[in-house]
Each structure stands twice: as structure tokens, then as C-alpha cells.
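After this come two complexes, each holding chain A, first together with chain B and then together with chain C.
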Partner chain A sequence: MTDRLVPVEPQEAGTTISTRAVDADVGGTAAALTEAPAKKRLGWFFWVCAAWIALVILTAIFAGLLPLKDPLYQDYSALNQGPSGAHLLGTDDLGRDIFSRVIYGARVSLVIGFGAILIGLAIGGTLGIMSGYLRGKFDTITNSASYVFLAYPAIVAIIAIVAFWGNAWWQITLILGVAASPILYRVVRASTLSYSTKEFVMSARALGATNWRILTKEILPNVLPAIASFSLIGVATVIVLEGSLAFLGLSVQPPTPSWGNMINEGRTELTTDPWLVLFPALAIFFFLLALNFVGDRLRQHFDVTVGRL
Partner chain B sequence: MAKYITKRFVALVVILFFISLGTFFLVHILPGDPTVTILGPNDNAQNRAILLHQLGLNKPLWDQYLIWIGHVLSGDLGQSYVTHQAVTSVIAEAFPIDIELIIISQLIAFPVAIVLALFAARRPNKTFDKVATTTTFAGLALPPFIVAPLMVIAFSIHFHVFPGPASYVPISQNFWTNIDSMLLPSIVLAIGSIVIYYRLLRNDLIATLQEEFITMARSKGMTDRRVLLKHAFRPSSISLLASAGINIASLITGAFVVEFLLQLPGLGYELVNAINQRDYLVVQGIVLVVAVAVVVLNFIVDFFFSVVDPRIARD
Partner chain C sequence: MSPEIQTGNLTFPEVSDETTLLEVDDLHTTFSTSRGPLHAVNGVSLTLDRGETIGIVGESGSGKTVLTRSIMGLVPREGVTRTGSVNFMGQEILNAPDKSLRQLWGSQIAMVFQDPMTSLNPVMRIGKQIAEPLRLHTDMDGKEARANALSLLTQVGIPSPEERLRAYPGELSGGMRQRVMIAIALACAPRLLLADEPTTGLDVTVQAQILDLLATLQKDRTMAMILVTHDLGVVATRTDKIIVMYAGNVVEQAPTATLFSAMAMPYTEALLGSTPRIANPSHTRLNAIEGRPPDLVNVPPGCPFSPRCKYAQDICHQVRPPLVPAAEPNHLFACWFPLGGRSGPHPPAVTVGVASERPDRPDPVPGPAS
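Then we have the complex of A and B:
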């Protein structure tokens, strides 16, 4: 049977680059030290953040059922209004309700953020678990390929492909998903490697279990928690990338609201109506903060080596 | 050592090859006839023929690549179809701005991050450490496209500390006005770097401070300050500098964002403009140059650290 408490071994020497890159991405697990390593409790702030994430996801999904104004409806009798009872967060230069646009805008970030990471996991995760388990030539080739991909400055490639290929939401999701797959590959591979030599895997093999059974029943359940927590931080990174693209006017095009393109549209009116930028900026900030915190805390929770630091 | 460097060099060449291949095939993702897409439907047949020849689009794919890479290696990236300026000269004008931006931002980020991390690591879990660590954690959720507009609201619109958008002055014209116009974008860029460097260095320092040679130094009666600076900071500084190499990717994203917002005519600004005007050869040229620059820079950083710290080359 699987043992979820088996610690994740320190990653092998060859993966230093990936761990460094991961640290640089998410700023490492500095919070580890502020926690007592012996007792692992998630803490109240973790649950606040988790609830916030759930709330944002639910309102984005059910936005159509909520008593919200149409995010595209242009009310010319109420242009550039500050926050009020009628418009909770005010209106933009076309009289559109900002509160409703922020909620509908979450859809773009969420779909692209989670979608891209799912695509990344489907490509990078599958290859990673195979390469960590099968080793040999397959591992050598995919491993080297991942280094080549990681060396390429992702943002430049992403901007270029978006420019040449297109910026529909599914194209952005696909591009960011492919861009995320090498790093996910490295994380999955490293943690698979550490499990594939464990006693319970060897005994399963001795009992005559097939490769497929060992991968799905023995290794996958153990690798999953660490990957899930890393993926949350990955979602945050993708949302930042999408936001940067949107800010440059290269992501999903207006009038569809997204947090990034709302900031982009509002930036021309910074002097007169700063809330046009402020509210979508706050939406991104709190959502990223919650994702980072939940991801970081879960990683500590599942990763015993960090506690030993 | 020599073996390690040879290996890295071979990897560099392979990566450069794939970069050139990738950038070359960008043009082939274009739907329909690329000459129509690049030049627009109204351009004349002569220009179209020139472009067809430049891109070699009537030859087999492999020959096209060889022709293109031959042009690139002889310093010809084609020309802009909007301004008819050579792509290389567009890049030569814009690139120094990015370099200046990144250098100034790092000159700000390193001292700030190091001082913060030293103070925090000296007394972990005390007030200063907690405040700094929590603030930087929040800072992770503040990408440049959020920080930049907010900084503009605060510092150039409200308090008039820095000049607003579109106030760029070339360094050749007036050194101090140039620095003045570069400060705000550099600070925006620096914030992200400070967060990353601080968190890395603080963790590294605290881990090092638990090593036995630190206890040894302390038991010899060394002062806290001396232990921190001479024994703990020195080994950590190498990994800090190495992390700067990896940070370069997020610096580029940040640079593109602030250039776009503040209308600094750097590579990011030119790139977005070129995309909006469908000036594909400029896009292709900038992508190629930035990708190559980043990869070569990382190679140099790697090479440098394998000399400074021979342990890196050992495995």
C-alpha cells in the first residue's frame, strides 16, 4: 500500500538548476523558519487564503447568476464615477461597472492560469514521471531537452508566439501551458526519482506488479501532494505572465474584461481616475498573495526536508 | 574543469541552434502568404519579390533556414517594413536603454536586499525579520505591471519626485536628465529583485549560521558582526550572485512593462510597437537578439562561477 508519510528526498545533484529556478520564481520557502518545524499546522491565515481563492473561483464561475451589472454595458449617464451605492467600485470611461468587470475579469485569469498548468502537467508531468521511473535513454533525452527549453527566455518566446500566432484565450492558455511544462517536468521527475528506488516500490515490483500499476498506484499518490502545491504557485506565475501580456495589450482583447487589460485601459487615465487601475490591481494582488501563501504552506506541509532546514 | 567548460560550451551551441531554429520558424506560423501578412495587402509586387528573396520562401525549408542564418551571421536581420530602417539599427538604438535600466536597478537592488537580509538573519524571528519577511512575501504578489502604474500615480503625479511618462532623454544629450528619467523605471524593476534576493540571502544566511564553523568562530570570541560579514555572508554571496543570472528573465519582463508604460524607447517598447504594426521582421530580430543575449549571459555567469567556486564544476 502507499505511504503518504514517506518524506521527499533531497533532490539529486543534477537538478540544482531547477530548484534554483524554482526558488527564484517563488522566492523560496523563507516562511519555513518562522514556523515551528516539529508541529505542522496550517494556521488560520492559510484558511483565510484558501477561502478567498474558493470565493474568487465560485464568483467567477457563477458570475452570470449573481445580481451583477453587465460588464460590457456602457452607461453614458455614469462615466468615470467614483465608488458609490449604485456602482460599488465606480465606473470606467465608458460607464461600465468596475465591480462587475473585476469579477468577470477573474474568468480570464483563472481559466488561463489553471488551464495552462493543467496542460503543463499533462505534458511535463507525464514525461517527468516516465523519465524519473524508466530512466535510461528516454530520461537522458527528455532531461537534456528540458534544459534547452529552460534556457530560452520564456517571456520573449511567449510574446513572439502570441504576436505571430494569435491571442485568443485558448491560444494563450496553450502557449503558457507549453512554456510551463519544462519546469513542471523537472519537479515531477525529481520527486519521482526519489520514490522509484524506495522499498515499497521495489517490493511491489518483486510481487510482480506491472509498470503501469506501480506508476499509478505506488508512485503517483506519493508524488501528487508535492506537485499539487507547486502547481498552485505555478498558477500564480502564469497569472502574472498573462497579466503582463494583457498589460502590453497582447493577451485576450477588449471588450472582454481581464484584470490585466483593465489595468492597461486604465493607465491612460491614471491622473484623473486612479481607481480604474487600483481595483483590478488589488484583485490580482490579493489573489496572487492567497495562491502563493497556500502553495507555499502546502509545500512545507508535504515536504519534510524543508522542516529540517 | 576544462571538461565542465567544454560541456557547457557544447550545450551553449546546441541551445543557440535551437533558438535560431525557433525564431526562424516564427515566420512560418503566420497564416496565409507571409509576404502579404508582413507587407500588407497593398504593397507592390517588387517589394514582395524582395521579401520573398530575403526570406527565401520559394526554396525548401532547410535551404531557407541556411540562407536566413547566413544573413543573420553577417549582421543582416532584414529591415522594418514600416520605417524601412535596418532591424539591426533599431536594436542598436534600443538595446542600451535596457542595459542601463537593468544595471541601475541592480545597483539599487543588491545593497538594499543585502542590508535587509543581514539585519533579518542576525536575529531571526524577531520583529525586524518578521516585518521584512512578511513584506517581501506580499511583494511576490506585486508584479511590475501593478507596481509601475501605482508608482507613477504616487511619485510622478502626486509628489512630482520623478518625471512622468515619455520624458526619456538620451544619455548622450544630458547625463543627469537621463539618470533622472531612468530612476523611476529602475526602482520599479528593483523592487522585484529586492524581494527575490532578500529571501534567498536571508534563508542562506540563516542556514549557514547554523553550521559548525560558525559556532567555532563564535566560541573563539568573534563579534556577531564579524561572524555575520566574514563567515556567513561570504559563502552566501556567491549563490546570491548566481541567482541574479536566473533573475534576468523576470527583469526582462519587468523592463518591457515599464518601458511600455513610461514610453522609454527600449527593446520592449519597440517590440510591442512592432507587434501592433505587424512589423514582423523587427519582432523576429528583437526576439532573436534578446534570447541570444540572455543565453550567452547565463553562460558567462556560469563560467565565471565555475572559476570562482570550483565545487560547481566538480559534478
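Then we have the complex of A and C:
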């Protein structure tokens, strides 16, 4: 059996090597195959961004343990002060320390941002992958429903519901999560549709795999990288959306700080004391930038579908 | 996953070598489209014994792929009607529920797909993909399945298989991937392998290797095979019988040697004529078959090949020729005016006179030495 196959080996071995490593000798021996493929590098900027995200998340979690000033303490002897040794990022119009408010504010923004996207994925993602794979009536109904949801201006609906229902952090998270689900549904469904028609899905079926197995083992792992990277961008969008709600005074109520309501509170002082708005805005900007970059880089890094040339 | 095997209601006893493995009778597959019913497979019948190989030949769109998928049951449930009979090892499987078919797929009937670039899951390691059907259809644990996967990779001739187990499909060449596909299809030692143009996506040099590999493995396992291709050269030396399909119909069916020595259907001749020949001088024009296959929604009356047939006469455009036996055993063809001056079916009385006006024709192109 094996003897008969021997003559084909050198030729095939040659082909493999050439697809794996550019510098490998095409006529090389099997030993060349044992060399580890060149490691993909993420680059220094990725690590800066990842460290920044980690720092923001960790300080938000452990804010109570850090030697920070009380974010709610009003120091009437230091109103609207610029950055200084005593107040790293200055104080607001009530004399509260902006540095500690930015850190405590991250708590609200992060919980709502990640929480809403997780809820959105649970609803939209599950429906999307089922509808993209199963098609038929289920797809027609959920697909039309998603268009109906998307046709309605989300921000108006959100404002109405928040005003009617309440604006505790968990209510905001739930509402934004539901609002995000039609978009996540569409992304997941589109991605699932394109993978469902691939031959490897047919091939898995031809090997006797059940629908559940095909969904979880064949389609989900393929769809996941795209969803994960889109979700990080989604987190960024939700944080901005929470900021907009806060700006309208509809999110978590003062005095609890969030990045959004800090900007809202500072806007009246914009001409005289711009740092009231500047620092929370920068916090949003750099955090979102880092999230987007890390999301994109991770997707590329874990993409095993491209040959390691 | 092993409960899967017990839940089905089909049972497959061990069969002797003489038993017919697969018997397809008058299989029709019709897709409902917005333009009306599309008859992709039109009354195909075939029998396949254990260890035997049938080649199905025809142009793109002649219904070859739909035929193999209809036999296997891998067609969508909605919008597709299948009638006729597909009898696999004594069981009618044509309209069996997916649940019972799943125990058949992979373990008794397996399929090798056309494009090795898309038929492997790009984000699952090769070793896992080979072990999957083993885990599904047998009670092997992970370790045994892995060991089996390793031996399968060795059998299909992949160098340093140990490392390949951990590779992703993107790290392998096309030929390698097709070998992996074959390893996956053969994992549970199926009795029937459907190979749907297994070499179309590959380099010519690799094509022969893959076909030889299939032949070797087939002999070792007395596995029956349906080899679908558009290349008569491929099936000439590797099959026992050949079925030539055109527009969803069987137009000629014969044991391989008979087909090449006593070809009756002009379409078969045209197909063979369009194969490039090594003996021809360089830059010889390929003999393409003029025109296109008919629209399967509006098939014209008469012989479906008549618009492109250089021997076609009036009756060919009006009345479809039935599939009739030729002088040789097991040789069937559907043509009013078969090649080589043999007698065809009797054309309907209205146009009988036309047959005598048939012009003389050259002998059929000799087949490649087999």
C-alpha cells in the first residue's frame, strides 16, 4: 500500500514547502517541513492599545482601592481649576476631581458598552445564525422584523423608552442591547449565509453531521472572528450612544459620573474651562481607538484561513 | 454523538459480494423555479455492484452533480421533488428522512467534492476534521480516532502526516487538500464513494495521482465508486461502466470497453472529439461542441442534443428518441440515427422515410487504448 504511493511523495512534498515558506528550498527534504512557520507579529502599537484597554478596565474595577479622591466630593475652595499637582486633570464647576470622575465614569461606560453588546449578541446573534443557516419561513420573518426595527430611528425609540421606563444602569444596558440586536443580527446573518453555502458545510452534512453540529462546529467558528471584531466596534458605538443619552440628561443620573454626562455637565463651561469636556472626551476617544485597533488586529492574527506565506 | 447511530430506523446487514449495492430506477429530480419546473435529472436508472466503478460523463449543466446528490439525498427538501427509486443495500432511501440518512452519510456512502479549496473547514485542524466522522459514526474515543486519522493520512500519501494533523487547510496545497478530503470520505470505510469531479480543481500532474490513489484505495476496500467527470479520458481506464448524460437525460450507457469500441451516440463522439490529443501537432484547434446545452426549464421537443448535432435530421428536432438496447450486451443509447450504421429505434411512422436519406458518416473516433 505505502510502497505504491512512495513515488508521488517528492513532488507533493515540493508543492507543500513552496506554499508554506517562501525561503524554503523547493526541492527540500521532509526535514524542511519541521521548521516552525514564521510567527505573526502583532506590532508594538497593538501592545500599547491592549495595555491601555487593560489599564482602563483594571482602574475602573479597582477604583475603590486606588488612592483617588472621592468623585462626588465637592471642594468649594477649588472650582473650575486647571490641571495641577493636587488635581491631575483639574476640577469641575462643583470642585470635584476630574481625574477620579473619569475613572469612576469608565465603570458606567464600560458596563453599559460591553453589557449591551453581549445582550445584543445573545438576541441578534442567535437569531442571525439560525436564520442564515435554516432559511425558510424563520428567515423571512426574522429578516423582515429586523428591517422594521432598523427603519425606525433608534435614538428616538431609545429616548422614549428610557423616559418612560427608567434610567438605571441596567435599564440603559438592556435597552441599548435590544437596540443593537437588529444590526448584530444582520451582520451575523450575512456572514452565516455566505458560509452556509460553502462546500465544507455540504461536506459535513454528507458525513452525517446534524444541524446543531454544523452550526456550532462548522459555521460558528468561521463567523466568530468577524463578529468579535465587529462587536468591539459595536461596544465603541454603544459607549458613544450612552454618551449621547447622557448628554441629553437621559442616562445614569448625576452625581454618578459617566463619560457622557461629564461632557454634558461641562459643555456650559466650554469657552472658559475646556478641560471639563476635553478629558472625558479624550477618555472616550483613546479607549475607542484602542478597542477598534485591537479588534481589527486580533481578527487578522487569528485568521487561519490565509496561508502562512 | 453515538446515540445517533441507534436512532435511525434503517439497518444494514453485511452483504455478500454478489449483491447489488445500489439500484437507481427512473430517478427524476425537479427543481421548482420562478420560471417553472426545471428537470435536472430525467429518468436515470443504473445499478452498481460492490467494488464496481461507474463513470458519469457530460458537460457542465448536464445534471451529473444533481444526479449524485439526488442519489445521496443531499438536495434541499423545499422546492425539489424527487421521484423514482434509489435502493441502497436493499433499502429504499429516496425519500427517507434526514435523521435516518445521517447514519448512512459518512459511514456507508461518502462523497468527495469538486473543489478542495472550499470543501474543508478553514478554521478546523486537519486532524480534527478527519477524526470527526470517526467520532460520529463509531464509538472510538479521541485517542483512537487520532491514531486512525494518522493512518488515513499515511494511506492517502501525505508526507509527514504527524505534522499535517495539526495544520489548517490554508497551509496545504490543492492536491494535499484533496488527499485530505479523500481521507475524510474514507474514514468510516464506506461501501459507496461518490466522487464529484474530484480532480477538476487540480493541476494536471496531480490529477492522475489523485485518480490512481482513488483506484488503489477502492481496490483495497472493495468499495464501489461513482466517478463524475466531464473528461472521457479520465473514465476510460478507471471505470467498469460509463453513463453519458446530456440535459438531465442518459443518452448512452455501456460497459467502458463497449462504449469506446462501439460508440452509438453522436454526443459521446463529440465529447471524445473535444479531448485534446498528444499526437496532434502543436496549436491544433480543440474541437469544441458548438452551441450550448438546452435550457432545462424549456427543453425543446425532440432529442435534446439535436440543435448541436451535426447528423441531426427533421425527426430529431420533433420526437425524442427512447433509450434502447444496442446489439452489444448492456449497451443502451438514445438516438434515431446511431453512429457506425447500426440500427436505431424505429422512428415514428410519420417520418420513417427520412431515415433512408441519412448521409454517410465517418466512423467514430477510436477511443484511447485501455
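For this structure, a couple of remarks:
The definition used in the following text is that the second predicted complex is superposed on the first by the 242 of 309 C-alpha atoms of A that agree within 3 Å, B and C clash if a C-alpha of one lies under 4 Å from a C-alpha of the other, contacts with A are read in each partner's own complex, and residues count from 1 in each chain.
Just so we're on the same page, contacts are C-beta pairs under 8 Å (C-beta built on N, C-alpha and C of every residue); 3 or more make two chains touch, one makes a residue touch a chain.
This one's a predicted model, so the numbers in the text were calculated from it and none came from an experiment.
In the superposition on chain A, contact of A:S84 is made with neither chain B nor chain C.
When the two structures are aligned on the shared chain, A:G136 is found in touch with chain C, with no touch to chain B. In the superposition on chain A, A:L289 makes contact with chain B only, not with chain C. Once the two complexes are overlaid on the shared chain, A:R205 sits against chain C while remaining clear of chain B.
In the superposition on chain A, contact of A:K217 is made with chain C only, not with chain B. Of the two partners chain B and chain C, it is B that touches the larger number of chain A residues. Of the two partner chains placed by superposition, A:Q253 touches none, neither chain B nor chain C. Shared contact residues on chain A (touching chain B in one structure, chain C in the other): 13, 20, 30, 33-34. The touching residues of chain A, counted against chain C in their complex, run 1-2, 4-5, 8-9, 11-13, 15-16, 19-20, 30, 33-34, 37, 136, 198-200, 202-210, 213, 217-218, 221-222, 304-308. The touching residues of chain C, when paired with chain A in their complex, are 1, 4, 72, 74, 78, 102-107, 110-111, 113-115, 118-124, 132-133, 136-137, 154-160, 163, 168-173, 175-176, 181, 184-185, 205-206, 209, 213, 216, 220. For chain B in complex with chain A, the touching residues are 11, 14-15, 18-19, 22-23, 26-27, 29-30, 124-125, 130, 133, 136-138, 140-146, 149-150, 152-153, 157, 195-196, 199-200, 202-203, 206-207, 242-243, 246-250, 252-253, 256-257, 260-261, 268, 271-272, 275-276, 280, 283-284, 287, 290-291, 294-295, 298, 315.
Those residues of chain A that touch chain B in the complex are listed here as 13-14, 20-21, 23-24, 26-34, 147-148, 151-157, 159-161, 163-165, 236, 240-241, 243-244, 247-250, 260, 263, 266-267, 270-271, 274, 277-278, 281, 284-286, 288-289, 292-293, 309.
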